[in-house]
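Each of the two complexes below includes chain A, the first together with chain B, the second together with chain C.
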Partner chain A sequence: MDFSGQIASLLNASAILPEAIVIVTLLLVLIIDLIFGRKSVPWLPYFAIAGLLASVIALFYGWDNPNPTSFLGSFTSDNLSIVFRGTVALSTAITILLSIAYIENTGTSLAEFVGILLTATLGGMLLCGASELVMIFVSLEMLSISSYLLTGYMKRDPRSNEAALKYLLIGAASSAIFLYGSSLLYGLSGGVTNINTITATLQAGEGLESLGLAIALVFMVAGIAFKISAVPFHQWTPDVYEGSPTPVVAFLSVGSKAAGFAIAIRLFVTAFASVTEEWHFIFTALAILSMVLGNVVALAQTSMKRMLAYSSIGQAGFVMIGLVADTQAGYSSMIFYLFIYLFMNLGAFACIILFALRTGTDKISDYAGLYQKDPLLTLGLSLCLLSLGGIPPLAGFFGKIYIFWAGWQAGLYGLVLVALITSVISIYYYIRVVKMMVVKEPYEMSDIVKKYPPVRWNMPGMRPIQVGLVFLLIATSLLGILSNPVVTIANKSVSSSLVLKASLEARINNISATEIKTVL
Partner chain B sequence: MIGTALGVVLLDKIVYSAFLLAGVFLSISGLYILLNADFVAAAQILVYVGAVNVLILFAIMLVNKTENFQEVKGRWIRQIATALVCFGLFALLATMVLVTPWQLSVISPAIIENTIVTIGKHFFSDYLLPFEVLSVLLLMAMVGAIILARRDLIPTAQKTREIYTTSLTLPEKPRDLISSGK
Partner chain C sequence: MLNLLLILPIIGAIIISLLPSEKESNLNKNIALIFSSFSFIITCLIALNFDYNNGNFQYQTFLSWLPFLGLNYTVGIDGLSLPLIILNGLIVTLAIYNGETKQNAVNKPKLYYILILLLTTCVNGALIAQNLLLFFLFYEIKLVPIYLLISIWGRDKRNYAAIKYLLYTAFSGIFVLTAFLGLNFLTDGNSFDFDKITTQVLPQAKQILLLLTIVIGFAIKIPIFPLHTWLPDAYTEASTPVSMLLGGIISKLGTYGLIRFGLQLFPDVWGDISPYLAILAVITAIYGSLIAISQTDIKKMIAYASLAHINFVVLATAAGTPLSILGAICQMFAHGLIVTLLFHLVGIIEEKTGTRELSKLHGLMNPYRGLPFVGGLMILAVMASAGIPGMVGFVGEFLSFQGSFSVFPVYTLICLIATGLTAVYFVILLNRVFFGKMENKTGYLPKVQHFEHLPAVILAVIIIFFGLQPSLLTNLSLTTSNSIALLSN
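Here is the complex of A and B:
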């Protein structure tokens, strides 16, 4: 066949090798579960983790790919996408580590859980590199549908059902809006779906004629803001976080969010390059709203998971500063912060999972006096929360400093001031939990902690959590001090990305033009 | 089409709405035919009228429960607000459609003899990756649907759980583990 032969030579299929590894792992997990049943439970999750790590290694070897465009423009495997895909894959690997004991103890089957989680990862990874509207939508749906399934995984629990239904309804509505926005874009450009070439044919028009593009922009922002749970598209977050199994929450708050940010960068910088001012404005508003609402409402929460839900909304606001800054430093600070956020947030969730497994509660007041009973858990949770709050020697501090610095450099003074104030507020509610655990006298201990079981790690499923927790703790405490290589990688990925290069250069030209004007 | 669509929203009896929805789908496929998209029109009828709508009807028939909803106080305010929002959105989109200088495709539809062949060529060239990824998505949707719908063997789950429960010294009911924070 002439047609197929011609196409096959153009595909450059090796660019999606990491995704292919994940697909093979996924299929093998399902087939092995089918053949061996429950006998495979002890080693199946490790097999999945091995697959994910292999995928990360494949990503590593794909670094500096001279020919990143593959599948005739559907997928771009440049360094920017590699960093984000690595983040998503790594977050899933750690999530699986944390979920083994949790899922086993709820009596649900582990293999399907791992399978769906792998599909969600696949969707996220493809979303990070997708550079065509159809591909973006398909991978977005893949991520969302598997997230709905994971949310409703505890099907006999009414809270889980409620969370799944809410997530499904709001998610379906938002992806419909996103699809409408992309169809407008398709129409405006005269039938082009590749976001790299779309700008060339896109006519902004003057005055009212640009209305179509503006509506397309607003609709697509709505779809993406739902994924990164930015205010005012955040209503699902607290309920979903409270009702879903905790490992799922850990994945949603890190992996799914990283994928959302990746597609936000790619889509807005390329396809909406002609309306840069407008999307900067929209994201500034979203960032301010998210930071203020997320951090202020988190103060009033009594459940740990709900508190972390609001805190993750606030953190998304911080990350958006990097997006609005739209400079080299802005993007690399985003990547750096998301990478650090992976470790500290997953660390916090690891501690919550552990506490829930041992006591069956996640009320903040039940943590009182935990220090006397379980020093490791207390240390872990304290370090991760302090790092989320941005206390100096920990990784979170350096991440925040970098983002704020990038924002300040880009001239976003108001935004950075709001971020500073809200991060002080956030320190209050993080410290409150730490104080609850550490400072309380023995007689103030909560009843739950008084009955706390003796710490034993040799139970099935507990060892992986311990390993995961210790790894995350070390990463959280050391990444800040040893941040140089990570920052270098982030910088390189941004500077080598062809997608961003054009926009950054245009911006530099603009700046120098205005500078010349002021000098004259 | 507009008549049937209004009927779907405004009629009280849900079965009527379901049948009128079929009317909406049929009219949409008519629109596709007018746009020279014969394959999409046929797929629209097969998938939406043939499968989705029949499924909706089955669901309605299986639920078959007459329930008298209480009149919500001040319902008319909500209805008017909804109508206003919908009308405003419609006005916005209609203006947008009218004022935008759409770039029309220059290829005359007469050139394309067989739309199915063209679609197939696209599926296996520039849309190959989304097409293949969709298969994984559908696989996982199927697995997920089975997980949600299958009857769980609660006794066995309980049994295996017992082992863990004793060894883990977990005092709680595991289903509540997720968030007993309420």
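Here is the complex of A and C:
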């Protein structure tokens, strides 16, 4: 009795209740599909969405968990992880909403798609709270392998196959590199795998280990930079985005990326606390490269999905400013931006999916003159793109200005200036699309738009997209103006996180020390 | 009351967007007109109830908005923003009215009027914002409506002009934002509220750096040589009402920002950079005038004239004496009225004759076949622009030069030459376009209806009224300009 109680308290299984809900949903989806067969259960995707929302509610009730450590320290369900897990689950819920018509249109099975997507979500959610090297690797692989499957889901489309193969090869290599990095860490620390305690043992034996630690750092950065598609680990992004089914891209660009950032925060702040300067430096370089390359190359794209791929690389660069700032405001601005990014990027993808469903193309020039035919779609895509470009009063403006503010406060003047200049460049290519849709005269309309089918929402699968689109648009327009509660939550999640506490305190001491120096 | 200025146009825009049909051009227009004239009436009411002996902000509203950013909804109005708000209300109403005929009826009227109403809100917001980030927010929002207004309803090269405008203004925004962020952190403030920021605590080098960033940001917007190249393209390629808005009110945001966030926030180091600013202003004024002389397109000529005249404001701001600041405010007001009038008249000429080329237009004063009434108004506008006494232009220029002379005597004299040059290019314009013999092959030009030149008549009346009663104009801002001005001078 006593023993089992001890075990139960060590396991603390209630911490993963949200994940458990996702697992149950996943199993039920597969079983129902198995028993009743394809086409007979049209409410299956909605069931999955309900499961995900239930998981979000469970996360909400897990807020301020007094005992966040579970499974002997391999999973931490603190507020920081809750925020990120919520983001991942929410992004999947919306992705499913957007994918119903798309998947049915291609004639493949929806239940399997939802199943794989839920598995990826599970991996992403576990990754957000993972605090042990093996756990990190397992959940990372869970996310990655399901993502490979998803990118190759359109098995008859050669581009989808190509994307899946590219993603698989590069992804497997980066996983291997990440694993090698963690094995180095394991060796250096003398067999410790928990990232919260690894620092102590690493710091105990300084000197010879530093080179090994540096190599481990670089390898693990490479693994995570692949997930968040930071330059120079971004090569897969444009090809995969272009080839994969669009709903999958929507998930990859938001859910998968959020999970990547979550683990980046947790891993580098704890395990690499002794080499803070170094990882700051690496991420500064990654951020500058991502912002410049992502935003500049996006200028030259002709395919909408490729353009959004490069834009997402650039956006990842902006988010990394918060990571490099390594302050309370920095982390909460990251969380805030990722949360907003969820809505505006998914909104953009919703519009692209809708356009692709009606016309079957995603070339930017084919959008010419869309305003005359479909004002709602034009308005939606314009709002989301302008928000991504950081035009007030949309959500993206507030997200960006908060990140710049945090970066500036942390003294990253150069980084913020690069971000400001590249964000002007980004306005140019976002507004190019808006111009294409709104400005063109009727006689300049593209052939595709001329043959644009009449807008009908009552076709199968269209209603969910409409609901999703309207929800995303409202969030994109209002979340910035009413961002106070969201930022409060983000702030609370950062300040209550034990993981970040030590780092932030050290950082504050450091800053005040340098300030004293400058004053003297 | 002040908040209504922001809300009313947005309500109008929402109502227009909910209208069922795109075809009903008149309905869209009338709703836009109703809402813009409502907000104009409100500005007039504000002016009537304004306490002219109080140099501080009035009608203040404070709402805590995003405390984590230091962004509060803080609005208020003083003698610097009051004339510009009135100007904005007037010009927007006239631009929406713009004597629409069958030929120049806008296509996509719904979008057009929504954008103009949004633009009104942005300009009003920027003028009354007393929080630096709030100002920046409005300053950035207006980018998209203007971009679309130029690139949808402009002339042949509109795409090029619109993109150029967009990029220049976006960079202007970056400079302004950088300076604001720097200001906030260097002075260790946690709020971007205007009255809570003092720069005097900063070391001088940092103050100069920040001021320089702000000045460059607004110099793009005003614009000052050599950052002016977007101006002729944007002004000429835009349609007549949009040109009226651009030249009449949007350009004032730059000079407003220069006074509000340059001079007023950095009184200590303003003197260190003002001579250079004055030199650039003089160069721009002379340069603009000379280029205007060589133009063959009358709209472009007016664009360059506007460039030259707005830099008198910059000179007066640089001088920073009580009189010159008053002059700067009056000159902004006068410049807005005159440029709007000129662009409107050019729009009528272009519509009736189908061309803007100096070489193709002759003898429009012809009482039977020409446009005599437009010609008369044009002569009046040109006289006002050249600073003939009895018009509002004289008030602005006289006060500006009188105030600046004690600080920059040489530059002021050179600027006087630029006003002389105004007479040169406008005489060329009048002489070629309106006088002389009208070619017989031109035939009878279509008659200008009364409703078409109504905006011009209104503007002309106001120009003469304030020219004869300048004290009404100067009283609006006298107290404020005294408190803004550098007392050390």
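Remarks
Rule of thumb we're sticking to: the second predicted complex is superposed on the first by the 495 of 520 C-alpha atoms of A that agree within 3 Å, B and C clash if a C-alpha of one lies under 4 Å from a C-alpha of the other, contacts with A are read in each partner's own complex, and residues count from 1 in each chain.
By definition in this document, a residue touches a chain if its C-beta (ideal position, glycine included) is under 8 Å from a C-beta of that chain, and two chains touch if they have at least 3 such contacts.
This structure is a prediction, so every number in the text was calculated from the model and none was measured.
Contacts of A:I431 after superposition on the shared chain: chain C is touched, whereas chain B is not.
Of the two partner chains placed by the overlay, only chain C lies in contact with A:N491; chain B stays clear of it.
When the two complexes are overlaid on their common chain A, residue A:I391 makes contact with chain C while staying clear of chain B. Of the two partner chains, neither chain B nor chain C is touched by A:T284.
Shared-chain residue A:Q409: touches chain C; no touch with chain B. In the superposition on chain A, contact is made by A:L417 with chain C only, not with chain B. Note on chain A: of its two partners chain C and chain B, the one contacting more of its residues is B. Applying the stated contact rule after C-alpha superposition, one finds that A:T327 touches neither chain B nor chain C. When both complexes are overlaid on chain A, the residue A:L211 reaches chain B alone and has no touch with chain C. Residue overlap on chain A between the chain B contacts of one complex and the chain C contacts of the other is empty.
Touching chain C in their complex are the following residues of chain A: 329, 371, 386, 391-393, 397-398, 401-402, 404-405, 408-409, 416-417, 420-421, 424, 427-428, 431, 434-435, 438-439, 483-484, 487-488, 491. By the touch rule above, chain A contacts chain B in their complex via residues 3-4, 7, 11, 16, 23, 26, 30, 38, 70-75, 102, 104-109, 112, 115-116, 119, 122-123, 126, 132, 134-135, 137-139, 141-142, 145-146, 149, 152-157, 159-160, 187-191, 201, 203, 205, 208-209, 211-212, 215, 242-246, 302-306, 356-363, 451, 453, 459-462. Of all the residues in chain C, the ones that touch chain A in their complex are 65-69, 108, 111, 133, 137-138, 140-141, 143-144, 147-148, 151-152, 159, 162-163, 166-167, 170-171, 173-174, 177-178, 181-182, 185.
Put simply, chain B touches chain A in their complex at residues 92-93, 95-97, 99-105, 121, 124-130, 133-134, 136-137, 140-141, 143-144, 147-148, 152, 154, 157-158, 160-161, 164-165, 167-182.
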